[in-house]
Structures are given as structure tokens and as C-alpha cells.
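Read from first to last, the chains carry the letters A, B, C, D, E and F; within each, the first residue is number 1.
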Amino acid sequence: MARLDQGPPHYEQMLPPIIKENYGKWRYHEIPRPGVLKHVSETGAELYSIRVGSPRLVSIEFVRDLCDLADKFCDGHLRFTARHNVEFLLGDASKVEPLIAALTEKGLPVGGTGASISNVVHTQGWVHCHTPATDASGVVKSVMDDLHDYFEEMKLPAKLKIGLACCLNMCGAAHCSDIAIVGVHRTPPRINDEKIQKGTEIPSLVASCPTGAIRPNPKAKSVIVNEDKCMYCGNCYTMSPGMEIMDPKNDGCAILVGGKTSNARTAPSFSRMVIPFLPNNPPRWPEVTEAIRNIIDVWAANARQGERVGEWIERIGWERFFTLTGIPFSDKLIDDYIFSRETFRTSAAFKF
Amino acid sequence: MARLDQGPPHYEQMLPPIIKENYGKWRYHEIPRPGVLKHVSETGAELYSIRVGSPRLVSIEFVRDLCDLADKFCDGHLRFTARHNVEFLLGDASKVEPLIAALTEKGLPVGGTGASISNVVHTQGWVHCHTPATDASGVVKSVMDDLHDYFEEMKLPAKLKIGLACCLNMCGAAHCSDIAIVGVHRTPPRINDEKIQKGTEIPSLVASCPTGAIRPNPKAKSVIVNEDKCMYCGNCYTMSPGMEIMDPKNDGCAILVGGKTSNARTAPSFSRMVIPFLPNNPPRWPEVTEAIRNIIDVWAANARQGERVGEWIERIGWERFFTLTGIPFSDKLIDDYIFSRETFRTSAAFKF
Amino acid sequence: MADLIVNGQAIPLDEDGFLEDTELWNEEVAKALALTEDVPELTEEHWKVINYLRDYFAKFGVAPMVRKLCKDTGCDLKTIYELFPSGPAKGACKIAGLLKPTGCV
Amino acid sequence: MADLIVNGQAIPLDEDGFLEDTELWNEEVAKALALTEDVPELTEEHWKVINYLRDYFAKFGVAPMVRKLCKDTGCDLKTIYELFPSGPAKGACKIAGLLKPTGCV
Amino acid sequence: MTEKRTPKLDELQKGKWPSFVTEMKRAAVKSPAAAELVQLLEKSYEERKGHWKHGGIVGVKGYGGGVIGRYTDVPEEFPNLAEFHTMRLNQPAGWFYNTKSLRDLCDIWEKHGSGLTNFHGSTGDIIMLGMTTEHIQPAFDEFSEAGFDLGGSGSDLRTPSCCVGPARCEHACYDTLEACHDITNEFQDELHRPMWPYKFKIKFSGCANDCTASIARSDCSVIGTWRDTLRIDQNEVKAYVEAGLDIQAAVCDKCPTRALKFDYKNNELNVIPEDCSRCMHCINVMPKAIQPGKEKGATILLGGKSTIVQSAFMAWVIVPFMKMEGDYEEFKDLMRRIWEWWDENGKTRERIGETIYRLGMGKFLREVGLPPVPQMVFRPRANPYVFWPQDEIEK
Amino acid sequence: MTEKRTPKLDELQKGKWPSFVTEMKRAAVKSPAAAELVQLLEKSYEERKGHWKHGGIVGVKGYGGGVIGRYTDVPEEFPNLAEFHTMRLNQPAGWFYNTKSLRDLCDIWEKHGSGLTNFHGSTGDIIMLGMTTEHIQPAFDEFSEAGFDLGGSGSDLRTPSCCVGPARCEHACYDTLEACHDITNEFQDELHRPMWPYKFKIKFSGCANDCTASIARSDCSVIGTWRDTLRIDQNEVKAYVEAGLDIQAAVCDKCPTRALKFDYKNNELNVIPEDCSRCMHCINVMPKAIQPGKEKGATILLGGKSTIVQSAFMAWVIVPFMKMEGDYEEFKDLMRRIWEWWDENGKTRERIGETIYRLGMGKFLREVGLPPVPQMVFRPRANPYVFWPQDEIEK
């Protein structure tokens, strides 16, 4: 029988000796080359971390491969990052290049540090979830293939963090990313009375709709949707299998930009929608990859050194962002939900 | 019988000749001394405007006095400003000083231009309205007596606009003023069933409450207030005489600061509450005048040249504003209404 | 305000000349109220408006918005003012014996 | 999932082992369901919880929040898990024949 | 009534700022109502509460608004205040007067009212404060004779107002007085005969300094601007430098878009045209050297209002640039479309800004026929809750 | 099942970024379920829709969460996916592993599951992707044996996570790993037995760079900071100057509070202590020269969550400074008070941020016993709708 409530394994047993010895004693770091962080301790010790891109959805064989490398080069230790990259930890500078060579041989990219794009935080998509409006891993793979240079080199104005969520539940927490790809539905749920009768708490279902579009239909022991009020958030589907929201023809991706979470310089900020819809076009989502490349290229060409996407846009103004990128503006991009008021331009000062 | 729909008199018949001649031709202006604007036309013509403080609530004798002066010095023309000051318009520079002398003799202050305080935009108060939480003219007189120097000289960091509204209907539109004085109630309405029965559309009354605190009381053909939900806005009183909201013991003034409406430099902004309540202490409202003087003094001592109150505070941070002014912070000052979210500090960067 | 005298009966009015007690309204009262609002005679057209107002009020407990009044009675605003010189609120609602419109002044 | 056999009758369950048709619930069914959830016997304590859940559901159409369940039955969460090892949702609600809790997972 | 003492109010006759109490007492000399008002106010000062009854609905023939009914709640004590209504009169555009007109107003008011007045009310009207019901129609007849008409009240258009504009200001980007006058006259029906869900205010400011505070105080705010580039006179720039102005600090560093570059060597100031947001700051500081561009017009903003009920709203951009010329037909037509939409969609006592907030800008723009542009927002939406008109997608 | 072609997915085995399709195919070699998953996904790519049924409620004994039930909607076609649940396992703090543990996990998962996994899920757990109902309990028993426990799901505490912190970062202002580990262990009951209105996430970042993105992704965000003044090493400043860094442009001009003054003459950099908001920017650019102060601790922020339902909220300051030391009792106690309040006041499926938004910060602060300070807001309220607890005023 399992031991209940033992909690996670203690991190100490996971740390390589060099970290144990210098825990809390790090003084500064440098980035000797893309994908390699060099941290220097008060004690003079030097730690090299080699950051490696991962598809995140991996087989145990992949994990075993990582273990083999860690055993060979890193005394059996490694870590993963907050963005699902792998980091190999080396006390010995001379092992850096051999390890990188070994990684390259395996087709694993080294990069993601400094002014580069890091891995895309993302979600399950069609691989494992019940409500996606797009796939996750496939879109990410397409985007990262396209942006591969930006991962392996540090030639962007600043860090670039892309997030993807396959539905508005936003498990990728993409809402504060430099660029967010969000799966969106565009048609109201189709009601399956039978499923609702069988398995749904109607009061909870009615309460779940943020716009009050759902009302009970006592006759059918089901509900009715006022389609004019629905904005396809899918929250009702989360509450009930009878609210069929997936619609292959009309599901797709929205693109939001300009979010960040660090407090450095400017306050954390939400990503803002700039493209309300792009079609799902598997396996390579060309519309999505192109849209993202365009935004990144324009940012890279125009931003000042150290300016995150959102900082750049806030400096030049969103109206200019649309001009520079050539992305069409539309009424879809104007907020009409609870906190819309703060987005309205209550000022006569703007750029043409 | 009256001529219906004739509209206001045509402005042309009200303009002095020098203005007619130079209409649309003004090139620039200077402020030769406080209270005097000198506008220079393309044609070379020079117009002097002498700005005079008015109590706004005046007798026809006052208006006749103004007319006498205008006839004597200004060929029978004058204007009022957007803030209820009087402006005498002179084509002849030599008349400026004599006019000022005549005004001074009458006890009328000349000033309000440039980096000074102008007149207080305000409302009716106890003089003529049915829902005030404070008086208007009396508070204004007390404040302006206290700040008189700042009207007659230009020694502030920037323009200073004070607004007063005697209830939350905000007829003084004080919500975007450098400093706003707002009459506030602090107790829920006392219901007078009889008055409601007689004269109130119950559905409209119920709908008027922004927090949904009012529900019908069919038995009494009246309504019931959920006092826990009430925030004393008084909107229900506007709808019905039966919702008695005036409460001499608990009515008083709140102070808000930092609003502006011009688009110069920074976008127009709302005033923000810094003192939730000061008592009504007629005839001179010492608590109010002191609070305002304190704020102005601290601003004057700390702001950079050209910085409006709100611009100064936004630069130094609101947390610093409270430290510098010594005004206590309290939970009352934290928004808890519809648009509260945007006011929460969603950042780890702040000053202690 | 002075009481309204209808068939020798005194019907109390408030300061604005609205019925103190709307229950006391009847057609005779309407005619008497009309005189206070410069409406010498209540024509069919007037009654159409009055009846509409009363029905609406009975149903919803409030006076209709002006646009609705115009749409539903087919009288445009000009006509309403011809019929009731002080307009829909002070004129028509008063004569129709509705509650005094409050609020938006 | 395989049907539940109660008194020789087959009662259909969904994949999660909840009743396909909650109308088919009765005490016997509850006992059979209990076995699928590692509850060998339904004690008085169990019934208190089950009855509370059913009453609440009948009244409001939803399952109560866990805090409410604990407060109203006087069983703290520990006790609930002792009674129903898979907890209030998968354990107690299933046995009580409520609708499958959705949403928050 | 016997003369009573007013110790509290007397305090307010002291001090340097001109005293409204003194003014009330001046009116009291001729008007018994004004005399009682002084007493009533003293009573309010003692009791710390107002003494006016709720509401009141009075008016003139042919109009639905313009007079505010007021009755004291202590008529026994103050019989002359039993009826004490306010009449709102349209001010002339820009608040300019000749003394003849002003004296006419005074004379009529002496005859029919309390002799107390506000120059002006905070919406902009001339406020004639305090008259009996009986005097309403005759007073109006005489004001009308003198060339004045009633202002708005109730759910109608309120008297529009405008800044001094081209009459005395070098910044004016359109003729605010003419626009205000012409448009006020066009919408007489809307002004005098309430017909909407609620009130509607329009204010005209000649430039982004917004001297009528229109963005905060009016449902529709018309703010002068230009479409090309501001004009810089380099000779005058040099003159400012000589006069000691620190152009870098006082002008360039405060330019919100950092669109100004000062060249120290040559004492030249240049603007990056596409970056300037026309905020007026540099022009304010250096009016001799910098002027608006030549292609002038206005930005139209919508939705301003103060606190009650849903919070204060500032007006926001709905048309970035509109010529304000000729018969203003483009503007008038827009107003009509907006009112039509509001009237169709608004709830009772819901300002246009609140209606749009409730129903969404998208719906508003589509139905009123305004093209969406990024100038309407500070930034696009953060939530992904896009409403797709179902006819825009293929099903 | 016969081997089917997957032309669409095969496309995703091309390109430089490592391919998840390749990974799925690797797992498919040993796992029939994984093999079917490849086919199912190809089907989804053809049809542009997912093929998983709604919901699912499965679990282990003694816990109310930690396993996500999943069933395909085409079980006839893909019998091995008829049941295909996910198990969430707590990661070790900082996502550090020794290869022994990792290999153990792999071995167990080879035995009981599909051989597919996410390192890591976006909350931070190890995600074991795809297993039958039957295997749930035995798999858990073995994971437990190997030292791993389940993560959260449902209305409970989710596995807290933390940045690499003192283990490898010079900026860490508190021990994020220890805090995360200790606090996770303290709240095992809350993590494993759902009892609240909705989920609750905690993330620990060692400084304001917030490398766990906690402010956006967690109900409670714990961000390292200091209370005194940052420390500047002037020798290192000079070294940066020599190395060619333009300190004025890259550091001072980008300081949000303009708290840094660079002295060109002496190549010295100084800070105005009371102006610094500890945003980390200058430290990021010059880590050798600038360090956080000595009096370290954390800012506690509350209310973060993403889009559904009322819009995304970022967490906001509720405690400007708290020591994060010893047994973290101050923090734990605060959490308990907050949860108690939320549990008492929250509606079903309402995140703490939404509950506070609905009921007001004032009520929350009063009832949880937190002193209101201006650091909690960017700016005070603009509306005057103050709610006065009626016992605070004299009636």
C-alpha cells in the first residue's frame, strides 16, 4: 500500500554535490555562449548549466537517454526548467563542449538563454484533453521549427516567451506571454439534451455561463442557450458533456502579444489580442507560424535592445504596432467584457 | 408668447470688435502678470484679458457691477470662463492697471492664470438642491479664502483645478480634478413607506440600486434595503422621495486627488480618493481646508516644475504620497466596485 | 397646490399638480387635470395616449420610455407636444394619473 | 464499465462506475455501489452522509460544497475519507446515487 | 418676516474671496424670497442638512425640460420658498456677452425671480435661481423676447458648450463657437423635448488642452486636432533658447512620445511626424515657435459621464479625425445615428457610455456604422472572449 | 490492430525541433496504447477535432484528486484508449533529479502506463500520461514506494512549485526550494483532499524576476525581495564601465523609478534608497556590481488565475514584506486564515481572486486580519462608493 501524504521527495537528495556545496552562495553569472549559463560562487566554484530544448511530451526512452547523458557527464544529476527545458549541470568546464557535441548528435538543441526564445509552455491538445479548440504539441513543434535559430542564438532584442493554451481554460497560462497562441471556439455549444438529463447538475450549468446565456429548460430537463449572448468560452462544456462546443470547421487559434510576468522595469502585463482567429491547418499550422514570425521579425527590427515585445509596443503605441506589422485591426480586438472600460482610449492623444 | 426653439443668442453679437477683427488670427499669448493674458494676433493686435474670481452664486447687482466696469473699460463686453471666472477684454494696454485697480477696490480678486489655482467648479449644495451631503458655496468660499495667495500669484508647480460636488451625482464633475471635494453619505437610506406608496415607480426604484441592495416589499407596497449591500450612493433617493438619505451626523466630505482632463503630456485621469471622510463643520469646514492645504503644500514643495498633482503622484508613487502627506491609508481607499481590479497592485515592485 | 374640484369633490394635488392619490383617477378627473395643463378638450387622440400610458403602467409599474410611447401609439413627439403642451411627463402622465416621473431632470 | 448486479438485476454504470440512470438508485443499489468503492458495509454514519447528500441534491439540484457537507453532517474531512476512501465526490456521491461531479478536476 | 440673525453665514462674509453670502444679502434687499433663502441656509448650517423637498416637475408650454422644480420642506417657516424653481438658459457660445444682454437678463430676473443667479451652471447654462410656479411662463416669454432660450433638463440634450477657441486662442483647430452655435440650433428639438433614455451632453474644445474638460464632462467630446505635422519656426526656437528656456528638459523630455529632438549645436528643434500624438505639450510651452499642423479638424470621443451609477467614464475615441466645417453635416449625421442606436438599445437612465459598455463596442460600431480603428483603444482586449457575429463565419 | 499510416503526423517528425511524434512512436514500440494514440492523433489531425470524452472521475484510495480520468469517444476503434487516465506526481522542489529517481519513474511507468509522460505539466507536476483504471492504484503504490506522491486536481491545493533559487541563482532572496518543500509537506491534506470552492495554486520565486511566472499563474505568489537598500560594489561598476557598458542608457534610464544616479566623472553609481522599487532591472544588467539588500524576505501576492471565468487576474500584493524563514509559520498561518475565509465566502468554482473581487478587498482584509497599506494598490479608488462598516461610525 502507498504511504499517504509523504509529499514529494526531498530536493536535497536530487542536488549535485557542487550545488549542495554552493547552495545560496552564488555571486553572479555569465552566458558564455547561447544555451550555457556559467554561475560563479563566493567560493570560486563555477557551475555550467547546459540548457536543452525538449518536446515535453516524451517517452520514457527519452528520459532514459537524458539519464544516460547525465550519468556520463554530470555525475547523475539534471534538472528541468520552469519552461520544460532540460538543464545539465556541470562542475567541470572541460566537459561543456563534449556534452554539447553529444546532445547535438542526438538532435537535441542547446539554447534558450538570454535574448533568445525559450521553450513554449503548452498543454495537452488533441493528445489528451476533452475540450481543445486546437492541438498543442503540433502547433508548438511547427512554431519552434520555424523559430529554431532564435532558440540557438541570442539575437533578439530581449527574452521571448511564447505560451500556448488549447482552450480558454488556459492551462498554458499563456495570458501573460510575449506571444500567446490560444485555441478558440467560435460557435455556441450544441445542446445534447440526453447527456444533460443523464449527467448534469442544471443549476451549476446555468451558473457556469459568464454571460448568463444559459437558462433552464424544465420541460426537456435540460437547458437553452441564448446564442446571441454566447461568446464560446466553453465553460459550460467543462460543466456538462451535453454542451458540445467542439466545431472542427470553426475552431482555431487566436494570437495575443505583449504580456510578461517579470517585474523588471515594467509591471507584469497581460497579453493582448491582435489576431482573433487563424484556422487549424494541421499538421503544420502555416498561418500561425507565419503570423508569429511576422510579429517577431518586426519586433526584432524595430525594438531597442532589452525591450520585451510588450514594452516595445507600449512605447510605440498599439496603433503603430498594427501599422508596422500590417495586421488588420477589427472590432473583434476591442474588449467588450467586464474590464473593457480601461482599454478604451480616453484621450485625444494618439498616433495616426 | 415665447419663440420656441430660437436657440441661444448668436455669439457674434457678443464679441468685442477687437475679437471680431482678429477672430481665428491669434498667434501666441503671454501672461504679463497673474490674472492677465496677453494675446497677440497675426495682425499685430494685442488683446488683454483680465481674469477675475467670482463666487458664481451672485446677485443681479453683481452682474450689473460687472456691466458697469465693462462699459467703462471694455466697450461693453466681457465673458465668463469655463470655470466661472469673469474675463474683461481690453484692446488697450493702458487700461489694464486702472481696471485692476477698480476691481481691487470692489474686492474682486485678479488671478487664476498659469501656475495658479483657478476658481472651484461647484454645485448647489444646501442653497438649492434636494440631495446634498454637504454645502457647496460655503465650502468653496472657505477653501478659496485659505488659498487666496495661490489664486493671485503663480507660484505653484502647475495649474491647480479644484472641483466640488455636493453629492455623488457629481454635478461639479469633480471626478477628474487635481483635487476633488465630494459630499458623501455614510448611512443607508431610511425608508418612508408612505412616500413610496404615493409617489414611486417601484420597479424603477429597485433597478436604480447599483449594488442590488433594494428589493420590493409587496406587502407594504414599498421596498426593503439590504443594508449590508448599501454604499450610500443616494441613487435611490434620486428615484424616490421615500428613500431618505440625508443624515446630518454622518454626512460629510471625501477628498480625491490627482485627476486631470487635458491631454497634455499624460492622458486624462480620474481623481483618486485619499481621505474617505471629513465632517461637515460649517460655516468654515476647517478639516477640509486644512486637508487641502496640506496636500497642496506637500505638492508645491516636492513636485517638479510643470507637474500637475496627479503627474507628481504617479511619478513618486501613491505609497510615497501617503508617506509625504502623512495622510493615513485605510481599507476605505481600496476600490471594491466594478473596476477595482485595475487598481490592485499586480506587481512586486513598490516603495516601502 | 390647490385641490382639484371634480363634480364638487375636492381631489388633492401635490405641489406639481399631480394627483396625491393616483387611485382617485377617473375620466372626469382626467378632464379636470387636462385643463390645468392647457388641454381644453380630451380628443380621441388624447385618449389613445392616456389609455396607452395607463395600460403600460398597470402592466409594468412604470411609465414607458418616450420612444416606446411614440412607437406604440404612432404619435411622433411633435404630435405628443401638440396634444400635451407640457410634454409626455408633465403633461400626458399627469393627465393619465400616473405617478410623478422622478429622477432624470 | 460493467453493469452493477443488484438482486440479479443489471444496473448500467458509466465508465467511472456512476449510475447511468440516477433514478434507479435505492438502498440495495447503494450497498452494491459501496462495494465498488471499498466500503464493505454501510454503517449508520455512512447513511447519515448519504441521506444528507440525497436531501441536499433533491432540494438544490446540486451536490453540496465539501465544507457544507462537513459542517452539516458534523463529519470532518478525515472522517469522510475514513467512511469513503475515495472521498466525497468519487466515493460518497457515487454511492448516494448523485450525478457525477463535473468540472473542477 | 422679522429679520433674524445669521451668525454662521456672517462668518462667510469675511475673508478675501468674494462672498456668496454677501451676494445673497444683496439680493435679499429687493427679494423676500432671497431674504428667506439666507435664513434657510443659516438653518441648514445649524442643522447640517438641506431643506429642499425631493424633485419637482414644472415647465413651460411646448418644452419638456429646462426648469427644475424646487419646494422647501419648511414652507410654513419660509412661505416665499414654498416654490423656488430654477430656470436654465442657454449661454451664448464661448460665454461672451455684451452688457446690454446681461442687463436685460438682470431686469427680467428682478421682475420674475429672486435676483439670484449662477454665471454659470456647471454644464454651462445661465442659472436663474429661485422663482414661483406662476412666474415660469411669463419669465420665459420675456427671456425669449430678449433673445434667450431654455437649456436642457431631463432625458434630453443639454446645452452644449465650447471653449473660447478662435475668439481668443491661438491653439483652436476648428471654430468651436460656430460649431457649438450651429449644432445647438440644429438640435433644438432634442434639447427641449426629452426623448432619450437619459441626458446627453456635448462639449467642444479647440485642442487637446480640452479647456471645457469635455472628456470628463460630456457624453460627446469634440476635441480639435490636426492630421499632418505640427509646424516649428526655428527662429522662434532660437529666441526661446536665448530667453533661457531649457528646451530639452522642459519640452523634449516631457513629450509623451519622445517625438521631439533638440539639436544643441544648431539650436534646432525637430519632430518625428509619425510619432507625435498631438498632446499639445510642446505647443503649450513654446506657443510662439510651435503651432498645430495645417490640416485641422477634430477627434470625436463618446461616453463621458460622472460617477452615478456604474462609475465615472471618460469619453473615448470613436472618430480619430473629422473635418469640422461648413454645415457640420458629417457630425450631425453621426449624432443622429448614435442617438437612434442608443434610443433603441438603452435602458432608462442609462447614459450612452453605459449602454455601449453593457452591449459592447463591437456591436455599437457595427450598428452605427463606424469603422473600428486602433485609435479607439489604448490597447486591444486581454481576454479571448470574442463575440463572432455568426454570419461572419462559415458554418 | 494493423499498422496504419500517419502521413500528417509524419510531417512533424521533420524539422529541427525535437519531435513529440517521434517520442510517441518510441513509446508505441512497447505500448499498444501509445501505438493507438498515434493513430488517434492522426485521426484528429484529419478531422481537426479531439477524440476524448468529457470528464472522468477516477482516483486512488485515501485521496480525492491527483488522477484525471480520460476515455476516448471511439473505443471500438481504439480499445486500448478506452481508458487512458493521467496521473499527476509532485516534482521535487526546483525540478532537480538524480538519475536513479528518474529511472525508477520510467520503470514503473513502463509497467503500468503508456510510457508517455510530460516533464513537466504546466503547473509543475510530473505528468504520467495514459493508463487504465485498473492500473491506477498499483501504479500509485509503486510510485509511492519510490518516494513520489500524487499532485493535486479538483478543488484542492495544487502542487506548489518554485524557481531554482539559491540552488543556482545569485538573486534568490529566500530559500525557494526549502519553502516550497516545507510548505507542500505542511499542506498535504489540502493537496490531496479537495475541500475548497475551487483550486488553489502557490508558486515561489526568489526575486522579482519571477521565474515561475507566479504572478500570473498562481493564486498565491511568493516573490523574494528585500527591505533595506540594494548593495553596489563600485569597483565592479568601474569594471563594467571598462568593459563598455553604457550604464546611463542601459541601467539608469530604464530604472522605472529613476532611482539610480550615475556619476560620469568618478564612474560611480548610486541609488536613492527610498525611491527604488526593487524591480531587479539594474541587478539583472550588472549582477557582478549590484546585489539585493541584506534584509531579505518576500512579498506575498494573492488572486492570480487565468481567463475563465471573470477574466484573467494577476496576483496583487497583500503583504509587502514577510520574512521567509524557520518553519514558515507566519506564512502558513496566513494561508489558513485565507482559506478559511474563502471557504466560508466563496461560491462553487470561484477562485480566491474572484471571491475577493466580488466581495471587496476591504471585507477580505478586515476579516482575514491584514492591515491595509498603499502597497496593495497601484492607486486608490476613483469612485466614492465607500462601504462603511456601520459600527465604525457614530449614529
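In this text, contacts are C-beta pairs under 8 Å (C-beta built on N, C-alpha and C of every residue); 3 or more make two chains touch, one makes a residue touch a chain.
It should be emphasised that the depicted structure is a prediction, and the values quoted were computed from it without experimental measurement.
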If a chain touches subunit B and subunit F alike, it appears here: A, E
Mutual neighbours - chains that touch subunit C and subunit E alike: B
Same-site or different-site touching of subunit A by its copy subunit B, using the half cut: same
Most widely separated chain from subunit B, with each centre as the mean of CA atoms: D
Chain pair, A-F or E-F, that carries the greater number of C-beta contacts: A-F
Geometric centre distance via CA averages, subunit E-subunit A, whole Å: 47
Interchain centroid distance [CA atoms averaged], subunit B/subunit E, Å: 13
Whole-Å separation of chain centres (CA-atom averages), subunit B against subunit D: 64
Length of the line joining the C-alpha centres of subunit B and subunit C, rounded to whole Å: 39
Subunit E: positions in contact with at least two other chains: 53-55, 60, 62-63, 189, 208, 210, 215, 223, 256, 279, 307, 311-312, 314, 348-349, 378, 382-384
Multi-chain contact residues (two or more partners), subunit D: 18, 62, 100, 102-103
Of all residues in subunit A, the ones touching two or more other chains: 168, 175, 204, 208, 210, 233, 238, 240-241, 249, 263, 267-268, 270, 337-339, 341-342, 346-349
Touching chain combinations (by label order): A-B, A-D, A-E, A-F, B-C, B-E, B-F, C-E, D-F, E-F
Of all residues in subunit F, those that touch subunit B in their complex: 208, 210, 215, 221, 223, 225, 227, 256-257, 274-279, 299, 301, 303, 311, 313-317, 320-321, 357, 359-363, 365-366, 372-388, 390, 393-395
Residue ranges of subunit F touching subunit D (in the complex, touch as defined): 53-65, 68-69, 71, 82-83, 153-155, 189, 193-199, 343-344, 348-349
Subunit A-touching residues of subunit F, taken from the complex the two chains share: 8-9, 11-12, 14-21, 23-24, 26-27, 34, 37, 41, 44-45, 47-55, 60, 62-63, 70, 84, 86, 90-103, 105-106, 109-110, 115-120, 122, 129-130, 140-141, 143-145, 147-149, 159, 161, 163-164, 166-170, 172, 175, 177, 181, 184-185, 188-189, 192, 208-217, 223, 250, 254-256, 279-281, 284-285, 287-288, 306-312, 314, 347-349, 378
Subunit E to subunit F touching residues, read off their complex: 307, 311-312, 382-384
Footprint of subunit F on subunit B - complex, ascending: 168, 175, 182, 184, 186-187, 210, 227, 231-233, 249-250, 254, 256, 258, 270-274, 276-277, 314, 316-322, 329-337, 339-352
